[in-house]
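Both of the next two complexes hold subunit A, though its partner changes from subunit B to subunit C.
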Partner chain A sequence: MTTDLINRLAKIVGPGFVSGEAEERYLYSMDPGTMPAAAPDAVVMPANTEEVQQVILLANELKVPIVPMGAGLVLSGLTRALRGGIIVDMKRMNHIIEVNPQSRYAVVEGGASQGMLKSYLKKHHPQLKHSMPDAPPIATMAGNVCIHGSGHLSVLGGSHSDMLTGMEVVLPSGEIIRTGSCSVSGEWFARSPLPDLSGLFVGWAGTTGIVTRLGIKLFPSYKHNDVLIFVAEDADLMPEIISRLTSTQVAEDMTPWMSPKPAWAKGFLHINIAYGAHTKKELIFKRNLLQASVREYIDQKIAGFLPLPPPQKGRFLEIPSPDLARFADLRKGGGFEYVGALMAIEHFPQAYRAGLAIAEKFNVSYSLGSRIIGAGHCMMFFFAYAFNRADAEDVKRASDALEATNEAALKIGGIPWKAEEPAQKQIIDKMDPNTFALMDRIRSVLDPNQIMNPGNWEK
Partner chain B sequence: MEHEEILHRCFRCGYCKLPGNYVDINCPAYLAFRFETYSPGGRMWLLRAWLDEKISASERFAEIMFSCATCGNCVEHCAFPEFRDRLLLAFTAGKEALLDAGQVPAPVRDYLTKIQLHGNPYGKSVKKSGQWLDGLDVALFSDQEHLFFIDDVGTYDPRGQEIARSVVTLLQKAGISFGIITDAMNSDGNDVKAMGETALFEDLAEKNIKVLNKLNVKKIITLSPHSLNALKNDYPALGGQYQVFHYTQVLAFAMAGLTFSDKEPEAKIAYHDPCYLGRHNTDYESARMILRSVPGVTLVEMDRNRNNALCCGGGGGNFFTDILSGGDETSARVRVREAVDAGAEILAVACPMCAVMLEDAVKAENLDDRIQVLEVSEIVRQRF
Partner chain C sequence: MKSIKFNPDLCVNCETIDCLMKCQYVTFSDIAEAREEKLKINDGKDSRVLHECLTCYSCQEYCPYDNNPFFLLVERQEEKGVLPAPKPIVEEQLRMMAPKGRITKQAVSGPVVDMCAFPMLTGCVRGKLFEGASTIVGTDIFCNIMWLHFAKNSTIRERVPQMIDNIMSFYLKDSDTNELVCFHDECYGTYTSVADAYGIEVPFKPIHQFDYYNQRLDILKDHIKPINAKIVYQRPCSNRLCPQTDQVLDEIFEKIGAERVPRKYDRENALCCGGVPRAHQRDELADELVEKNINDMLSVGATYCVFNCPFCMATLGQEVAEQGLMPILVSDLVQIALGE
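Now for the complex of A and B:
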């Protein structure tokens, strides 16, 4: 069976781009998080949409599971082959197809990386930028959009799925479809005014199709950029502070963070506020607006802005910042688990306290924080736990902390983000049964042979 | 295995796959094969898995390990300070462990066997290592200021020999005092060491050091950046203490003494940073200084330059073993396309291996009418 599968895949993509060897089966069986390994039978790397289609048709014929994968950096094991089958590594499809500077969108292939688009825009369209997540630059745009990621323009533009303008998708049955304006006009400017079929593929953990192209919104790139850090000691103040800062509508990104390291940061709640402007005068105006919005706290001497020397400011303006990846080596162990939960902003104090309690209970190195989505419409609160990959007990501690965090997030009223398979079950348990029944019905229509990333979003 | 205690610390974040400006994939092996296994992070995890007996020492695993071109892009761009300094050391230790386990790709075995038997990978007699001179009048080393050290490619490969002759002619024109050794030098051993064959490297180096010390050599000019790296960084620990320069580092300061023709052809030139001169020895300027001082030359930069340069794919012994050859996305082929995109008419190189690799790539890409690969000394000499 496996030999036949490999041979037939080789006929589609060429023998150099398919493997059933032990090395690939091992490495693709896990991601850098704590989820247990689940090995595929084969890994395949298509070069274009037609090859993706052929691979899916073959998987249907052979009733073999198929798992789409971008950079494999989700940390929650969504690209593991839970029931074996084929992992489709999309990174050969990494072309930037189009940039429309007037209507400010880019069309990219399903394996195109965040870093490549950033570099491309800087060279060819320096007046434009896209929202980069905090993930390393090799992370793919399709992967991040499909998990409802967020990034350094998320106060301005919402989550990355909000910045999606359309998709080309190969359905589990092999048909190639388009969503959004590109399905009618050939241009990729918006998802409206049509029925929003993009929602069939975002947040589904790869169970409804493989995204081969997508359109994303671009934003003005400013000549002058700055970051302010507002510091408070009382977590209960944070929702109102966030509300006031976002009400100015000048920030591009707001990321509260709480960490015991560096030592000067311990015990304080920080909010990084990034903003930019075309002129220095405009930048000062925006800074004044932000400062005025929280003046009351400064006057009461219960919070204030952190003085930042220029070198430190530069570090905070680095996009993407390698600091997040460096957190993985905090315990000299190359691992960290990153649990995010989407939740209403008023739950900030509860989430913060829950994170501290879990870190203490499981004795894990932690970093807590959040990213504000939209003009204070919600937030992605994250709990990051570093662990030592070489220490099985430490991995277990991080894994247990992860599970406890998911429970805590759900209890608070949040929803775990890019939830790993066990957390998906926790969510389903709390989900309106009719909602889950609809999800099941949709999938049975799209994927009658149940080949797409099975094991995810299942009871 | 040496350095095994760091293997698990790799997070596989992927910074190592890219240059600092993220423009495209910059790891030659990952670029050619595209499986995660061929990336630096993949190698780290596979080595750990092998030591933990989760995978075996297969042909595939050996190919993955020996496909590393040791270009140093991963060391340059890994997000973890200090840890990154040991990345290539860990890969080399992994290759050494595979050699000990007897699992070596056939071309690697053949390369090492030839060097063991003949002192060079061409299987030629060391006694004939002066044939590259081809009538040039060059003094044997006696009491000159410098020894000119020619690597295997410059000594035995026809294109490398052309480059060696070109550099010799230019050094003479610039009035540099140097002599050569024609019948006693073995391979510099740089790529042997990168392949993990430490004992063979030490044997080669000690033989060379014996000859060099006997002749009381103090200063060495190398043709190849690979030789520069070995002689400058590895020979001292084995008793070979010399002042070592790549020829561009000597020539850069002698350019003012050269006179050029009044009718120099205009040319847009992109300079390809060799990994063992650039990332390994942090000299990004000597060759550029030379090119900037040549009349008629307009220097253009490729997207990936200096510490972000894309390797030609010939390092780590791949020049001889060819593990990275084949396919449209070999780093040499990508590199010549990048040079054309930068508007260059000439792709300047400062390493005989890069010259051969990139010339082959120009042919494979059918870009002969768009771009020419020339060694820096050839560009200078064309304009006398």
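Now for the complex of A and C:
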């Protein structure tokens, strides 16, 4: 069976781009998170939409599971082959198809990375940028959009799925479809005013199809950029502070962070606020608006902006931020995972306290923080734990802490983001039964042979 | 705890109240009002000056009787809980700059250059100017004078003796010298002016960087290639604690062929770089100070903007460079003249 599968896949993509060897199966069996390994039978790297289509048709014929994968950096194990089958690694489909500078969107292939688009825009369209997540630059845009990711322009433009303008998708049945304006006009400017079929593929953990192209919004890239760091001591003030800062609508990104390292930061609540402008005058105007919004707290001397001379601001303006990567290496041994939970802003104090309590209970290295999405519309609150992958006890501690965090997030009213398989079950348990029934009905229509990333979003 | 050296009678009989009348940031309708506010401060009463003070140290220099008006003002701010900056900002910086206990014994020989808490500047100590020099650096020898900007005299009293003890125990005690060259004149101000006013004993001899350069230039006079350039100088707050060194700087400039072009905001009329008001959350005032300084510098047509204080350079350097002036530390300018 496996030999036959490999041979037939090789006929589709060429022998150099398929493997059933133990080495590849091992490497593709896990991601850097805590989820146990689950190896595929084969790994395939298609070069274009037609090859993706043929791979899916083959999987249907053989009733073999298909697992789509971008860079494999989701950390929650969504690209593991829980029931074996084929991992479709999209990295060869990495072309930037189009940039429309006037209507500010880009069309990219499903395997195009964040770093590639960033450097492409810097070279060819320096007046434009896209919203980068704080992931390594090899993370793909399709993967991040499909998990409802967020990034450095999320206060300005919402989550990355909000920045999606359309998709080309190979359905589990092998049909190629388009969503959004490109399905009618050939241009990729918006998802409206049509029925929003993109929602069939975003947040589904790869269980409804493989995205081969997508359109994403671009934004002005400013000549002048600045960051402010607001510091407070009382977590109960944070929702109002966030509300006031976002009410100015000048920030591009706002990321609260609370960490015991470095030691000077322990116990303080920080908010990094990034913003940009075409001129210095405009930059100062925006800074003044931000400062005025929280002046009341400054005048009471209970919170304020950390003084940072210009040379010290550079590291806080780096995109992606290097800080999470530094934390990820805290314990050495390559293990890092976090629970990111989408939740309402007013739950910030509860989430913060729950994170501290869990870190203490499980004795894990932690970093807490969040990314504000939209003008204070919600946030992705993250509870990050670093661990040593070579230390089984350390992995277990982190894994237990993550499970407890998922429970805590749900209890608070949040929803674990890009939830790993066990957390998906926790979510389903709390979900309106009719909602889950509809999800099942949709999948049975789209994927009658149940080949798409089975094991995810199942009871 | 020793109280600050201060004689209230000197102020009562003062004819000028220069400490407040010359202030560039707090204004008074007349000398009577200034006197009233000064006497309130002296008596431990609340005064608007405690709240409006920029903490620029200038009144230390303006006082004709060396009666420590600024140190007293900071003392009163702390006593009354008048925080120039929000509490979390002060507390977080207190932790950042706290001694880390990472100091280890290191064999040093003269000249020993104290780089304060600026490890990134140790590369400045090089070449003929610093021939044979040893450097010491880190938060375990941080001079702690910055707390004058944050109403934290108590931290100065607590930490400075510890820093002095560290400098002696870990470095100077077993060395061939009892002298410490202060690369940052805040350190020099701490070990002279602050130590004297606060009654802190200093067992070594602090040497100001300008005195050191001046002496070295005499030794290295045959190596000097005059730079023949106009310069503007950004005098820092801490130099108010050692105003005599400003004349030494003039001698240095003369020796290396640098013309210190007169400008409005130099000498006794020097204007804050803007760094401290930002910490005090007074950014709009800081913007104004930066603009005034830059416009003043540009109006006199200089090539270099010379900094004494690394923090001033960090605050103003980028802006200065964007306006076409080259920001440079005094030591680097001297080294250019020495062909290095």
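Annotations
As a working rule, the second predicted complex is superposed on the first by the 459 of 459 C-alpha atoms of A that agree within 3 Å, B and C clash if a C-alpha of one lies under 4 Å from a C-alpha of the other, contacts with A are read in each partner's own complex, and residues count from 1 in each chain.
The working rule: a residue touches a chain if its C-beta (ideal position, glycine included) is under 8 Å from a C-beta of that chain, and two chains touch if they have at least 3 such contacts.
Predicted, not measured: the structure shown is a model, and the values here were computed from it.
Overlaying the two complexes via subunit A leaves subunit B and subunit C side by side, clear of any clash. Using the contact criterion defined above for the overlaid structures, shared-chain residue A:R8 touches neither subunit B nor subunit C, since it reaches no partner.
Subunit A is touched at more residues by one of its partners, and among subunit B and subunit C that partner is B. Residue contacts after overlaying the shared chain place A:M45 against subunit B, while subunit C stays out of touching range. Shared-chain residue A:H125: touches no atom of subunit B or subunit C. In the superposed model, A:D89 lies in contact with subunit B only, and not with subunit C.
Of the two partner chains, neither subunit B nor subunit C is touched by A:R353.
Applying the stated contact rule after C-alpha superposition, one finds that A:S113 touches subunit B and leaves subunit C untouched. By the touch criterion defined above, A:F305 lies against subunit C but remains apart from subunit B after alignment on the C-alpha atoms of chain A.
Remark: least CA distance from subunit B to subunit C after fitting both complexes onto chain A is 18 Å. If you check the complex, the residues on subunit A that touch subunit C are 231-233, 263-265, 268, 284, 287-288, 291, 297-298, 301-307, 309-312.
Subunit A makes touch with subunit B in their complex at residues 16-17, 19, 21-24, 26-28, 32, 43, 45, 71-73, 89, 91-92, 113-116, 118-120, 122-123, 136-139, 322, 325-326, 328-329, 332-336, 388-390. Against subunit A, in their complex, subunit C makes its touches with residues 83, 85-89, 91-93, 95-96, 98, 275, 278-279, 281, 283-284, 287, 311, 314-315, 317-319.
Interface of subunit B with subunit A (complex): residues 8-15, 17-18, 21-24, 33-37, 42, 45-46, 49, 54-56, 58, 60-61, 64, 79-80, 83, 303, 326-327.
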